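Each of the next two complexes has chain A plus one more chain, namely chain B in the first and chain C in the second.
Moving on, here comes the complex of A and B:
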């Protein structure tokens, strides 16, 4: 399900299945994108932040066009205890790899991988030198 | 052959891209087919142009023929120049039968009576347009062929497109000659400028696709909104909002290609509105400010702002009125009434 912001339109509530993973896409070229994500985060139920939320930063290939500092995004990830992934959508190879990573995360969050829960996975993803 | 003419022809040929030289010389028609056969178009342009000049010498070219070649070049590469649009005004009388020879005679007469040293060249094209090239001199100097003005006049319309040379002082003479020759009473400059001559024509002749308000009680089926998302596993949560934006965009811009403009300039003479407690600018004078939008294709980029999520739909009418009002230079002054909003001056 693709949405431009949260909350989701309520008229489609009955058509929506269970949500296993929320990926917030932040375009590093747009300050507005970061602001939009920060506003939308307030509409997410706290239980999602136990491994079912992930931040995806796009556009990192275009170094000259960065409007947001990676530091700011990493701080956001720490504040919400969620992993931050970086990718460049314009390159097919990276696009495919990122999609595969997200799919693997989704399978864990949906409970398809026995022995690994969303919460245990996200604690593995956390950077060890932060602790 | 005059040395200055030879040099001018040589420089004009040098401007033409190598692949186009043969075609342009053929269009010019001054050199015979046999002469063109003798030219080697596979050498460097410097040599090609020298050979062309030799052939022109054989045919004794004069400035008239050289100017004709220049018009052909500028007609083909018209988008390299900046064009302004002028509108002529009639006093309301019936337009007499238009005679092209009469027009040319009156135009030349009017210009030459004011300024002896001018080179005037005419060329008619199929789309009912007449191209006029004027090279300007002074009472003591021969015309400068390298800075001519170009006029494109569409017969039976009051519109003239002018690409003036740097010498702005000659513009009134040019306008005067146009009015005299075409039996109009006045001429005014419209605030419309662009490099794309065809787009300017599209705007003033209303040839671009405008959307006429049609009554549709239900929203139209957004059939070709996202053709690439044929994957049914992707669900767009904000589909209704996307469709609303698409519909509003269609209403404002129409569904066809937009005329090509490069700038929109807004000169603001409005009051600076700040918190009265802050007391910034205690002089109650308008805050003068110039806002300029530029883009390789301004109207298309404005059209794609809302669908790309970069602006709210509907866009400000100050931006969307550009083709309808046929202008891209605006002066915005304070509206002096109850509602302190700005308005667009005529």
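Moving on, here comes the complex of A and C:
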């Protein structure tokens, strides 16, 4: 399910399936997308930040077009205890790999992988990030 | 050759195309006249091969290399190197003056980050600025690349860096009447390209920057963000357009103007070192 901002319209609440993972997409070429994500974050229930939220930064291939400091996004990830992934949607290979990565994360968050919970997975990711 | 204060005046008010240059190997400042001769011969040889540089008129290209001792930041910086191509038309009389058809200069202003880490035989002049026909730039560039084993790359300026520039330059104190602060945005993903030009009265821009900047002489990313956010918010209030979603492509102030394709124009001599320092930093980060 794709949305341009949060909160989601309440009229469809009863029709909506359970949400297992929220991916916030930030376009490195658009300062507006970062601001949008920052305001949308306020509408997410705190329980999601136990491994069911991740930030996806797109457009990183074009370093000369960036309007956002990557430091700012990493700080956001730290503040919300959620991983930050970087990708370039214009390159098919990276697009496919990123989609696969997100799918793997989604399967963990939905409880499909026995023995791995969303929370344990995100703390694993955080350890390797800090190294 | 000695530096001439008048020489720096000619650098102003010209549109310079920017390049980053890797360190030059075995460049000797004592051999400038030799280099000028070699480059001259190279240009003449390329012209013989039929690489048309000027259509129509027969031109003799004269090459001059000189050092601009004033253009540096610290003692660690190399003095700037100026290359000029001038022509004298064979058809005109002996008394006619040489006309400069192309100029390019290498410089380093506080480029210690780079020069600290290079071995002895290398000369660091990471910023190159060219003005004149692209064909001459490419001739001079190839000669330098072949002779000193260096590499030229066009220096692009990201919207992030452009916003630093506009914040810094809009805040500069100027004694004469300043021109407007202008930001040009390009709107992506439309069927017809759309450019938005946002002009701000220079006094308003400076007043805004003065309220944002906490420590004079120091600028932080947060202060630049606040400055830009105020400008975006003001624009949104009036036009309901989020400029933060568009791409900042050009900034103009009374001090200098810069375009994302790596083209700058410096308008005020007082701030020439400051502008060059910022550009040197960008060039070095592109090299590293």
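Please note the rule applied: the second predicted complex is superposed on the first by the 126 of 131 C-alpha atoms of A that agree within 3 Å, B and C clash if a C-alpha of one lies under 4 Å from a C-alpha of the other, contacts with A are read in each partner's own complex, and residues count from 1 in each chain.
FYI, a residue touches a chain if its C-beta (ideal position, glycine included) is under 8 Å from a C-beta of that chain, and two chains touch if they have at least 3 such contacts.
Just so it is clear, the structure is predicted and the values come from calculations on it, not from any experiment.
J.: Could you look at A:12 and tell me whether it touches chain B, chain C, both or neither (first, second, both, neither)?
T.: First partner only, chain B.
J.: With the two complexes superposed on chain A, say which partner A:104 touches: chain B (first), chain C (second), both, or neither.
T.: A:104 sits against neither chain B nor chain C.
J.: Where does A:67 make contact in the superposed view: on chain B (first), on chain C (second), on both, or on neither?
T.: second
J.: For A:35, select first, second, both or neither according to whether it touches chain B, chain C, the two together, or no partner.
T.: After superposing on A, A:35 lies in contact with chain C but is clear of chain B.
J.: Regarding the shared-chain residue A:2, is it in contact with chain B (first), chain C (second), both, or neither?
T.: first
J.: Chain A residues in contact: does chain B have more, or chain C?
T.: C
J.: Using the superposition described at the top, list the residues of chain A that contact chain B and also contact chain C.
T.: 32
J.: List the residues on chain A that touch chain B in their complex, please.
T.: 1-4, 8-9, 11-12, 15, 32
J.: For the complex, which residues does chain B have touching chain A?
T.: Result: residues 234-238, 240-241, 309-310 of chain B touch chain A.
J.: For the complex, which residues does chain C have touching chain A?
T.: Residue positions touching the partner: 156-160, 163, 188, 221, 228, 232, 242, 244-245, 247-248, 260.
J.: Within the complex, which stretch of chain A touches chain C?
T.: Within the complex, chain A contacts chain C at residues 29-33, 35, 63-69, 71-72.
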